[in-house]
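Dropping the structures in below, format is structure tokens.
Both complexes shown next keep chain A, but they swap its partner, so chain B is in the first and chain C is in the second.
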Partner chain A sequence: MKSILKSKEMSIAAIVIALCITLTFVSPVFLTADNLLDVLKANSVIGILAVGMTLVIITGGIDVSVAAVTSAVCVIIGKLMQVMPDHFSSLLLLFLIAPLLGILLGAINGVLVAKIRIPAIVVTLGMMSIINGLVLYITNGVYLNSTNFPKVFIQFANIKVFGVSVIILIFMAVALFTWYILKYTLIGREVLAIGGNKESALRVGINFDKVQVFVFSYMGLLAGIAAIAQTAYTKSVDPNGMLGLELLVIAGVVLGGANIMGGRGTIMGTVLGVLLLGIVQNGLILAKIDTFWQKVFTGCIILLAVSYDHIQYKRSQEKLAKIEVEA
Partner chain B sequence: MKKFLGLLASVVLVISMLAGCVSQESATGGSKGKKEGSGNDKIKIAVVPKLIGIPYFNASEKGVIEAGKELGVDVIYTGPTEADAAQQVKVIEDLISQNVDVIAVAPNDAASLTPVLKKAKDKGIIVMDWDTPADQSLVELSVHQIDDEAYGRHIAKSLIEKMGAEEGEIAILTGGLSAANLNTWIDAAKKELAEKYPGIKLVTDKIATDEKQQVAYQKTLDLVKSYPNLKGIMAFSTPAPLGAAQAIQEKGLQDKIAVVGTALPTDSAPYLEDGSLDVAILWEPDKLGFLTVALAKALAEGKKPENGQDIAKVGKIELWEDGKTVIMGPPTDFTKENAKDFNF
Partner chain C sequence: MSDYLLQMTQISKTFPGVKALDDVRFEVKKGEVHALIGENGAGKSTLIKILAGMYEPDQGATFLFEGKDAQINKPIDATLKGISIIYQDLSLFSNLSVAENIYIGRDSGKKPWKKVNWNEMENVAKKALQELEFEIDVQTPVEKLSIAQQQLIEIARALAFDSKLIVMDEPTSSLSAGEVEKLYRVINKLKQRGISIIFVSHKLKELFAVSDRFTVLRDGKYVGTYDAKELDEDQLITLMVGRKVLYEKNTEKGLAGQTLLELKGLTKAGNFKDISFELKAGEIVGITGLVGSGRTELAQAIFGVNKPDSGEMTLNGESIQIKSSEHAVKKGIAYIPESRKTQGLILRQSLTNNISLPILKELRNGFGLIKRKKEVDLAKHYIDTLDVRPAHPHRAAGDLSGGNQQKVVIGKWLSTKPQILIIDEPTNGIDIGAKTEIHKLLRKLAAEGLGIIVISSELPEVLAVSDRILVMRHGKIAGELDIAEATQENIMNYALLGSKASTLKKNVQASKEVSV
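Now for the complex of A and B:
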């Protein structure tokens, strides 16, 4: 019990809970299943991307091309859906194509970062620009709406299991699966090992290049899945609709206790970080806070959360050091 | 390793060549209708949008090219690929060196275009603006799609009409808090409400939606939950009405909450269909392009527009007393019935 209370995620969880309690008093609507599900659904796409970003950030990298990759996949599947027949197999095909496209784009990032050793931020910035340009060139900025999508996709987007939208379920599945990879598979442990101490990890024979290609490709895979979730969420494809989303994704990961320089980060923390961002956004309108003050409040809550988390972390590190000395 | 590097180098070269082709193609892609060779003495008119590649400016491009064909002038429609003032300056520099007769520009930032427009004027090029005003001391004409004040008031009036009641709670969504044109419309709409419909209560200040449909969708969901008595939503900027309508559609509130906004007809068709969006109000961007070229041609021939002048394909225009500001006409209401007739 004590270890749970002391765990890294606790500080962020405490803030989320404190915020929820406050909002419940401020607005009776907040603590309704309807509202909470809306918040989850609205933040599922960011959540899926943030889960992938956690792995990238743990290894000390960063991927600012996530939003661009997701829009590219959105545009491609959107175009495909215009010509797809209204049949169940179309849906299966989408679930095959979208992740593969994502992996492909992610792998390009990974190979450039690992093999040519260009810093990740440069590679992904370049990638972001290339993709955004191509998307604009191909689509001419034209918005695709749901009138020509296969009916089966709209049905899929409206699926609910016990009132929980399929989009939330995808997010949950992605988070659980990634948590499992990190905790129980060799490659997951290698990611954490590199994050923990790169030099030692290299010395025990972990192939750093392979791990980097893996994390960027995995990020791409999740971007492909996020593209399906995004298209199901808006039931349309807006080529410019995700510009700037990468910042929210990175903010969610960092809020969740990950160290932007690498080394520290958990899936649970990231999920909580994304929720915190979502709840703040939702709560500001429910609490009837004036538009111009909303940004100020968002900033304050983010600063508060990160400092609280960081102070907790520093304290635990100090304790850790002491034990080592004694031993 | 060497072999790999060689291969890599060649791949990079090929890609950069391809990239070169693409960018060249896109650079010239915007200037359709321009004839080769400068030997002919046709009037050359350059129309510069804020950016190319968004539905709105694609639609006005159609009007510009159509006008070029019908009126027998050479038109160049070209602009930056993003709404960036510096890029727009470069585009205009290029046009000056091409010796065009008229430059009509929709500035991303009026002040930063002043030096380059002055340079154009010094070279004897006629300068005008369209869609968005430039430095008024430099332009011969300023073509506006709409009278901003009347437009805002019209949107407010339409909302009241669609709500079917002259009292109740309403909310306003906007693209961004700092967008000057949106703010002008919103202020006009608010004025109309304050003057004529004192029973209408605005529940909160305008809410920013970052020019994104999904943000407008989320904010509308939050709004309808926090204000259960909400009767109407006015949404400014083209994606905002779509997001608001999507939320209304999903929650099945079509009959309870009226939504009016500034959207393009093809995008809003699915929402107009079931009444989740009651009416989309905008002007016709292709007409605006057509009008710009028609007026530019007249200017190059030394003719000034007149108040109430009837322009073929556009209709009667309004000229303000300053002799510069031209208003294209009243806005167009896109409804369930007519949305299908438009192709932008």
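Now for the complex of A and C:
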């Protein structure tokens, strides 16, 4: 299994490297530790969400409510922080509440998808709309400023280990942990099995409903963690700041080699996919290209990658559907 | 202890409207290779699915495994009891490794956070593969393996589960001759270990090569169980076909007017090869053969949705290449696919909307809007001529019975004024009375000058409607029979053996000897 998936990841890695070399020539600023760390930091939230989305997409599902769920958690912890004392325990409480809120919202998605069998896109679209509306109602669309956030939180947000921001570290930890789940736990293997062949997975006794609830809840958990990372990154809460972010998240996963129809996807690929998107954006900024072109570029890259994937898929299907013709 | 590993008796299975199995018995001895045979739709798959825990039999069934009442409610129950099913389409996880595919299912029901032990997984897999003398790196993803190798992986999975009974459904359908030989060796090895094998296949030669005993099913009923030594191929065919007389054989001779369609050497790699025949106006040509013999693919090629690689097609004497289904319709070819409900009709819409669908463009007025009155009149016309009941143009198509739905589909395509009508399994899932009505309708349409191709697995049906019968086997036309000389036996001979039948007389004799 390693060789083929590696080859797919290798090709993404090769594109990332080629892009880096090109950008080094375009702008001397690109290949500096500061710039690269900035790119990583700026894309960590997308990265955390994309890691969770990888599991959802492997099982053949989709979750378009991720950005909304993250926003909701951001708003709630932002509101809490405005009244919290400046004490270490506040931090611990936040680290407990945010993931739990995320899991709760994710689990609602998961139960609706698995038990009532509503298509994932419909469930999560509904969830997205409800949350976006509530967030605006609660905040009136106004920023929650960091002036009255507990100082411990600001200190936490500024932590650096060997110059690497805590936000990047959270992203890396989430990626590693999820990789472990996918590779070494029964539930992780069941996620892959369902993606590979749902019919057979049921035949060998895998509980499809349970796995679905798991992937959506896990997505929620990561959305909760992403909310902490996002709040630490911006040191404020912008109720509209994440609108439309789900598209970049899904794009990162798909660019990373996951098949949107399910079955295929790796954490390594997703991390590379997110980096690719981030570097393209950074490169366009450094090359002083107008910002609106960024969206056009991103869209083109996504369409190209997905078209390639589907053409491959169709070919493999055609190969399967053959009748033995006597010579 | 009895010699029997599996004893299934009084097995019936009723689906809405169809009795798929009717009081069937099936008993497999320890360490034997037992062939389960019958025509398409005889009930083999249903029986296998009951064995696999995918279907529940009707009340009153007894199902003993190793002499004990087998409680099989879910597929995994069967696996854990030692029954492994190797499906024709295989049930491997192409994205997972060989080791995982062999091991999967063992942890079912354990804690989700249980750590997966890759070492143990690989050891189990290696051991099973060793027993099969199949050398392969257990970390290889299954999608990189050939079909034959994948099949061995499935067998290895069965071994790893200590299976006592392995069901192989059409195991050789995608294997080369050399690979089939290897499979036989594996089967013999399994037999020596005391494992029983149920072998489902249409290929009589290989059934005789590997099987110890046969159980024959026909129309969901148990025909009998025979020792392989007491039968030959012809006798087996007679048993499979039986003496069922459902409908009268067609005796009318079609008009056979001018030639409408002529195929010369039509070939598509992996679909069909070197197909030549002609269809005349007023004639019905029946195409039969086993499922997967390339019949539907050929029909789709004529209709332009499955482009052939080579060969020539002539329509009304002019050479033509049909580029798309729209092109086919424009040239007067209509194709009614097998699945009426998914491909033929919009069940929630009215009869009118269904019938007018292919010719909506012609029903537009100067503003591009549909002329509703004309549309309803058109629908009424076909409802009357085809005797659709209830004869109400505004009823939803889904409210009608299967037979009447099929008439609506036929009406829908007649509205395009075709000269050629291709109809795939015209009476699939329709009750007997309605079937006869559809057959009469097809004969009537032919008498009015339409050239019709009927594709069907039901031999009595082919015999009831056709003027000529083409039998396909492995993508080629194995035989062409005029209705006067056609019988179920000689059709089956072509379909299964690909050769001209041994004489009818011998068959009749055989059926006497093997009294059922």
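Throughout what follows, the second predicted complex is superposed on the first by the 283 of 327 C-alpha atoms of A that agree within 3 Å, B and C clash if a C-alpha of one lies under 4 Å from a C-alpha of the other, contacts with A are read in each partner's own complex, and residues count from 1 in each chain.
Definition applied: a contact is a pair of C-beta atoms (placed from the backbone, for glycine too) under 8 Å apart; a residue touches a chain by one contact, two chains touch by 3 or more.
Given the structure is predicted, the values throughout are model-derived calculations rather than measurements.
In the superposition on chain A, contact is made by A:136 with chain B only, not with chain C. In the superposition on chain A, A:263 makes contact with chain C only, not with chain B. Within the superposed three-chain model, A:147 lies in touch with chain B and out of touch with chain C [touch as defined at top].
Per the touch definition, chain C reaches chain A in the complex via residues 52, 54, 74-76, 79, 91-97, 100, 104-105, 107-116, 118, 139-141, 143-144, 173-174, 269-273, 292-294, 297, 473-476, 498. For chain A in complex with chain B, the residues that touch the partner chain are 27, 29, 32, 34-35, 38, 42, 133-134, 136-137, 139-143, 145-147, 230, 233-236, 238, 240-241, 244, 281-282, 285-286, 288, 290-292.
Across the complex, chain A is touched by residues 22, 26, 53-55, 58, 81, 177, 203-208, 210-214, 217-219, 221-223, 225-226, 239, 242, 246, 266-267, 269-270 of chain B. Taken together, the chain A residues at the contact with chain C in this complex read 1-5, 183-190, 192-193, 195-197, 199-206, 210, 214, 263-264, 321-326.
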